[in-house]
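Chains: A, B, C, D and E, in written order; residue numbering restarts at 1 for each.
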Amino acid sequence: MANDSQPKLSIRDLAVEYKSKGRQTVALEGVRLDVRDGEFVSVVGPSGCGKSTLLKVVAGLLQPAAGTASIDGKPIEGVPDQIGMVFQNDALLPWKTVTDNVRLPLAIKGLPEKEQLRETERLLKMVGLEGFGSFFPKQLSGGMKKRVALARTFAYDPEIYLMDEPFGPLDAQTRVKIGEQFLRMWDAVGKSVLFITHDIEEAIAMSDRVIVMSARPGRIKAEFDVRLARPRPFYDIRFDPVFKELQKEIWAQMADETTGGDS
Amino acid sequence: MANDSQPKLSIRDLAVEYKSKGRQTVALEGVRLDVRDGEFVSVVGPSGCGKSTLLKVVAGLLQPAAGTASIDGKPIEGVPDQIGMVFQNDALLPWKTVTDNVRLPLAIKGLPEKEQLRETERLLKMVGLEGFGSFFPKQLSGGMKKRVALARTFAYDPEIYLMDEPFGPLDAQTRVKIGEQFLRMWDAVGKSVLFITHDIEEAIAMSDRVIVMSARPGRIKAEFDVRLARPRPFYDIRFDPVFKELQKEIWAQMADETTGGDS
Amino acid sequence: MAAKKNKGAARSASFREREYSKTSVWLGRLVVLALVLGLWEVLSGRAFNSFWLSKPSLIGGRIVEMIGDGDLWFHMSVTLQEAIGGLAIGMIGGTLLGVGLAFSGIFEKWIYPYMMALYSLPRVSLAPLFIVWFGIGLTSKIIMVVAMVIFVAFYNAFEGIRNIDKDLMDMMSTYKAKWTHKLRWVVLPSITVWLLTSVRLNIGMALIGSVIAELVGSNRGLGYYITYSSNMLDTTGIFTGLVLIMAIAVVLEQLVLLIERRLLRYR
Amino acid sequence: MAAKKNKGAARSASFREREYSKTSVWLGRLVVLALVLGLWEVLSGRAFNSFWLSKPSLIGGRIVEMIGDGDLWFHMSVTLQEAIGGLAIGMIGGTLLGVGLAFSGIFEKWIYPYMMALYSLPRVSLAPLFIVWFGIGLTSKIIMVVAMVIFVAFYNAFEGIRNIDKDLMDMMSTYKAKWTHKLRWVVLPSITVWLLTSVRLNIGMALIGSVIAELVGSNRGLGYYITYSSNMLDTTGIFTGLVLIMAIAVVLEQLVLLIERRLLRYR
Amino acid sequence: ACGKSSSEPPAGEGSSAGGTAAGTIRLGLVGGGMTPMVAQIGLSDGSYEQAGIQVEENDFTAGADMVQALVGGSLDVVLGSYEHVLRQQQNGLGVKAYGEIFNGVGYALIVKQDAPYQSLADLKGTTLAVTKVGSLSDTGLREGLKEAGIDPEKEVQLINGGSGATMLAAIESGQAAGGMVSEPTISQMLATGNYRILYDPPFDYAGIVIMAKSDWVAKNEELMKLFLKVTAEINDRAQQDAAGAVEAMAKTFNQIPRDVLESAVHNQLVKVPAGLEVTKDGAAYVQKTQLDQGILKKEIAYDETVDLSLLP
């Protein structure tokens, strides 16, 4: 989609420090990143490099130590209106059923109850969980919980999706299925996405651009434009030579990182 | 390693039902599975098919509705001595530092404190977390938590490893690194392993046998012997033709499953 | 499937998950009750002086007598009014105060220590002052109960909020939830466990509060009856009053349990 | 890095995470205190009859006087002994009872309702029995405090255990942890929040308990002093006693806070 | 049975009856004891009601609490000890005694039958229980001890013993060598044969008086007059017909055996002063004890604390 307009999300010289009970951890340093309107950007990087931290800053949940993050040119103060986040842990409400968890953003928006339920139904089907509406999170498997969290964010339908390993605990097939659906949805409406994953193939298959981060303190190490035509066949694209080339390059960048940096 | 003796772990006609507040969910049905002493068995299957449930039965944490699971021919009653489990959620103690979390099994065994600390140090290094000993779990990223949980199970060093997506939230490189180390350790001492993963390549690269489960209620759908020489190069093995063939077959089995079964 | 059929559903073999049949629970309770009462009855007058501990049979007789001449309801109704009225007001007030203070920023830090100081005031000593301030009627007695109840309610609500999962609040924020939504979807459910604790602790507190209130300036109520009996050296009367208060407590507790079972279904 | 430098470390912009400087917290507290005392002083004798609420200045004068003639320590030491002794015994006993009962299987279901019934017994009314059984010395007063304290301790320990994360207990089981280990690594840390709650609630309870105990069979202690003053219609005396009790509560509370800060570092 | 005997007036403003005779009086008394017996008889046999006075009875466990309620405006008339009138006057709160319904301390020192003590002088070094330190029973005992040459501050320990069962517990368990007890507990204890009276304060002492705030009386003079008149009549009747008095009291004290009650009522009746008058001597004695204990700072004139003009 649109590769033309001013950046939707713009991060400049961002640094984040955690300071808790006297200990100080620099999680991010000098991060500079733009996401254009309707662009799909993936972030990969070694465990603990600050990817989740980055998302939290964009979501307005953390205050940076230095630098700025702005959406549509406006610096982020508090939680911006435009973002929707899938947390690395699922952040489901344990006391609400699956249905209630998914309809939460709709209820906040004040949709009529009937519509909430219809939409919820649709989304649960999309993530392969119809029939589980009345279950409590405790009664779900790890992957099912994640899918509920996904459905919830889809229900919110924000301008910018912030997704922290959304497909982490899913098996390869479910992953493909939901990834495909998400991509189709994205193709249709063209939201901006900041997507964190550990799966390089997934990153390439979905994104317009892949960002590689270095080990802690996280910096941006490399960027790769993914010049593959859309709409892409989510699974079969993997056999494209361009894809393979990219995969190798990113892998090399990261391998370099892990042996060198991560302590 | 040993493919000869009587099964270390033997599961016969296992069925598990969750019955909570009136609702009844059949999670497993008619599962039959043997793990020989020193064998490395991986389980893959769609999200929510009952993989975690299977592990919990073997760990003695759940009572089956029908069928038996036995270790060394003895039916499992309560938690068996021989098993060590990596939970799908990390099950770290939030009030203990990383070091304390890792040395927990050693403390239970009654090792002298000095030795505990030395061993802990070694294991933290192995999972790439030296220097984080005094952190509390809350201060770690998702992948780091998982690595602490891994280190803890390594510290326990059981006869049977039960591992529920142990490398889930790890980036590809860390995954390879830790996987390699674990495989090396396993090669040296030859423990039995029941390994749940969503990564088919990982499953093949590590195991002697890969089990594919069907969607809920989980049954065993197919088994694949992995006839690749050991020790295997954990990453480069992926380019072996036998590997590729297996990968395709398992993928086909699973794809069949997801489109067909998972609701 | 020729294998042996186990007891049915998958049950955690481990920690605090077993469920017991209703009959065995209630039977056990009855047995305990019968045992205590039996021992009391038999030992009273034998192992120890029956004057100071009375006897279950005497107490039972007295209760029947009181039902007969209407005294039971006469006294019990007032105490119930005071206790339940005060409990309701105190719980609501205390909880609101706790929630409010927990979200009041630095203000919390200023006020909190004084709340705990007030909590430690012996209400018994305040009873006469309460009469001066609030008169002698039902109001002043209800206020006494409120004074007993409000702090535990406050404290538990406050502590409950301190223990809310921050991630869930963050999640709500990302959906631009207004505070009414946060309250309904996260805060209230999160502190439910704490509120239930505080209700249960406060049932006892409220009853004690009404008894204390009735020490001063009353002419009916179970507390009055107990004091009166004490003055008459009528130990059976004292114990009858105490038994009735315990009975109220048990009934109220069971009510709360019913509510709890509904509210905590998700666990 | 030319960008604007923010206030330093990454801070949650959201829920209950802000930290305040020590000075602004303590300053605020002093201001609140000064305000309350000031209003009291000014209004007493103007807006209402000063006889009923005394005056801070009078109370202060009385405290100085009591320090001078040694009365302060004379009364306070006894009350402190009773309260702290009873608090310690009651907390330990109640917690053990709570933990024990929570792990006792069906036994718990049988006993639990009776515990709550006992809790609702007004201790004031039990005074005669306490005297007959335990005399009027320090022992009987400490036991009275224990009777006040033990139930909250019991209840919180019990509730804390009900709220332990089952997964953690399962995890311990897979490491073949004996119950001593489970206790030390999981149970105690899990219920720490609950225990701290119960200590804090019980500070007030213990002080109230000693005052109640001193109603009968005593000739020293702050409770005695209050009762005596009350009989003398000496409101300044009553308030002096109350203020001293509050002071003890505040000091004990701050001690608990110190401990809490250590124990809950991980949050 | 207990307590229920009091009439249940509508929740009206008791003090608003103004000049008319009939009206409501919110009355405070120490329940469980018999010192206010005259009023208790009237409450139980309906004398006040017949005279058109609605009496709203409130029971207290301690006189001091009751007096606080009086001054605070929650009560109109209180049957309490004269000491409190003095203390209130000293505090500048206009409370006066308008009659007396019991002369004497109202408490006797009870010891176990087999106790070695024969007189107050033997009690040196013991622990003695009074209902509440600073109360009437305390004053009475202190006076007795002083006369017997014992310093109540140093040579004995005076403790709070409460009343009723609490006091009995203190004596029976041996925690206190003796305790100050009032009727009907005295008669009950004596009836068991296990106790005896060691000392019954004999002096003329302004005990339980009918007190009220003078400004309330100013507004409700007729009502007060009527109340006093009815009370005096009850006393006259009871003095002549003790059995009738016992009958009336039995309604309130229904858990007490008849013979015990008879003895208790008899003991009380002799202490009710004729014409309900507060004697100057009795009042002066009380004043002296209060001055001695340092509770009263300066003497207060008899006229400021006693007003007998409304008595019939």
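Simple rule for what comes next: a residue touches a chain if its C-beta (ideal position, glycine included) is under 8 Å from a C-beta of that chain, and two chains touch if they have at least 3 such contacts.
Note that the structure is a prediction, hence the values are computed from the model and not measured.
Counting C-beta pairs in contact across B-D and across D-E shows that the higher total falls to D-E. Annotation: the subunit C:subunit D pair of sequence copies touches via predominantly the same residues, more than half of the used numbers being shared. Here the CA centre of subunit C is 37 Å from the CA centre of subunit E.
One inter-chain figure worth recording: subunit B and subunit C are separated by 47 Å, centre to centre, where each centre is the mean of the chain's CA atoms. With centres set at the average Cα position, the gap from subunit C to subunit D is 18 Å. Per-chain CA centroids place subunit B at a distance of 83 Å from subunit E. In subunit D, the positions touching at least two other chains are 12, 14, 52, 128-129, 132, 170, 173, 215, 227, 230, 265.
Multi-chain contact residues of subunit A (touching two or more other chains) are listed as 18, 60-61, 78-79, 89. Shown for subunit E are the residues in touch with two or more other chains, namely 62, 64-65, 68, 71-72, 164-166, 168-169. Considering their complex, residues 62, 64-65, 67-68, 71-72, 84, 87-88, 91-93, 129, 132-135, 157-162, 164-166, 168-170, 172-173, 175-176, 295 of subunit E touch subunit D.
Note for the complex: subunit B touches subunit D at residues 56, 59-61, 78-79, 81, 83-85, 87, 89, 91, 93-96, 104-105, 107-108, 136-138, 156.
Looking at the complex, you find that subunit A touches subunit B at residues 18, 20, 23, 25, 44-48, 50-52, 88-89, 128, 130-131, 134-135, 139-144, 147, 165, 168-175, 177, 198-200, 251, 254-255, 257-259, 262-263. Residues 52, 69, 71, 74-75, 127-129, 131-133, 135-137, 140, 215-220, 224-225, 227-235, 237-238 of subunit C are the ones touching subunit E in the complex. If you check the complex, the residues on subunit D that touch subunit C are 12, 14-18, 20, 24-25, 28-29, 31-33, 36, 52, 102-103, 105-107, 109-111, 113-114, 116-126, 128-129, 132, 151-152, 155-156, 159, 161-164, 166, 169-170, 173, 193, 197, 200-201, 203-204, 207-208, 211-212, 215, 223, 226-227, 230, 238, 241-242, 245-250, 253-254.
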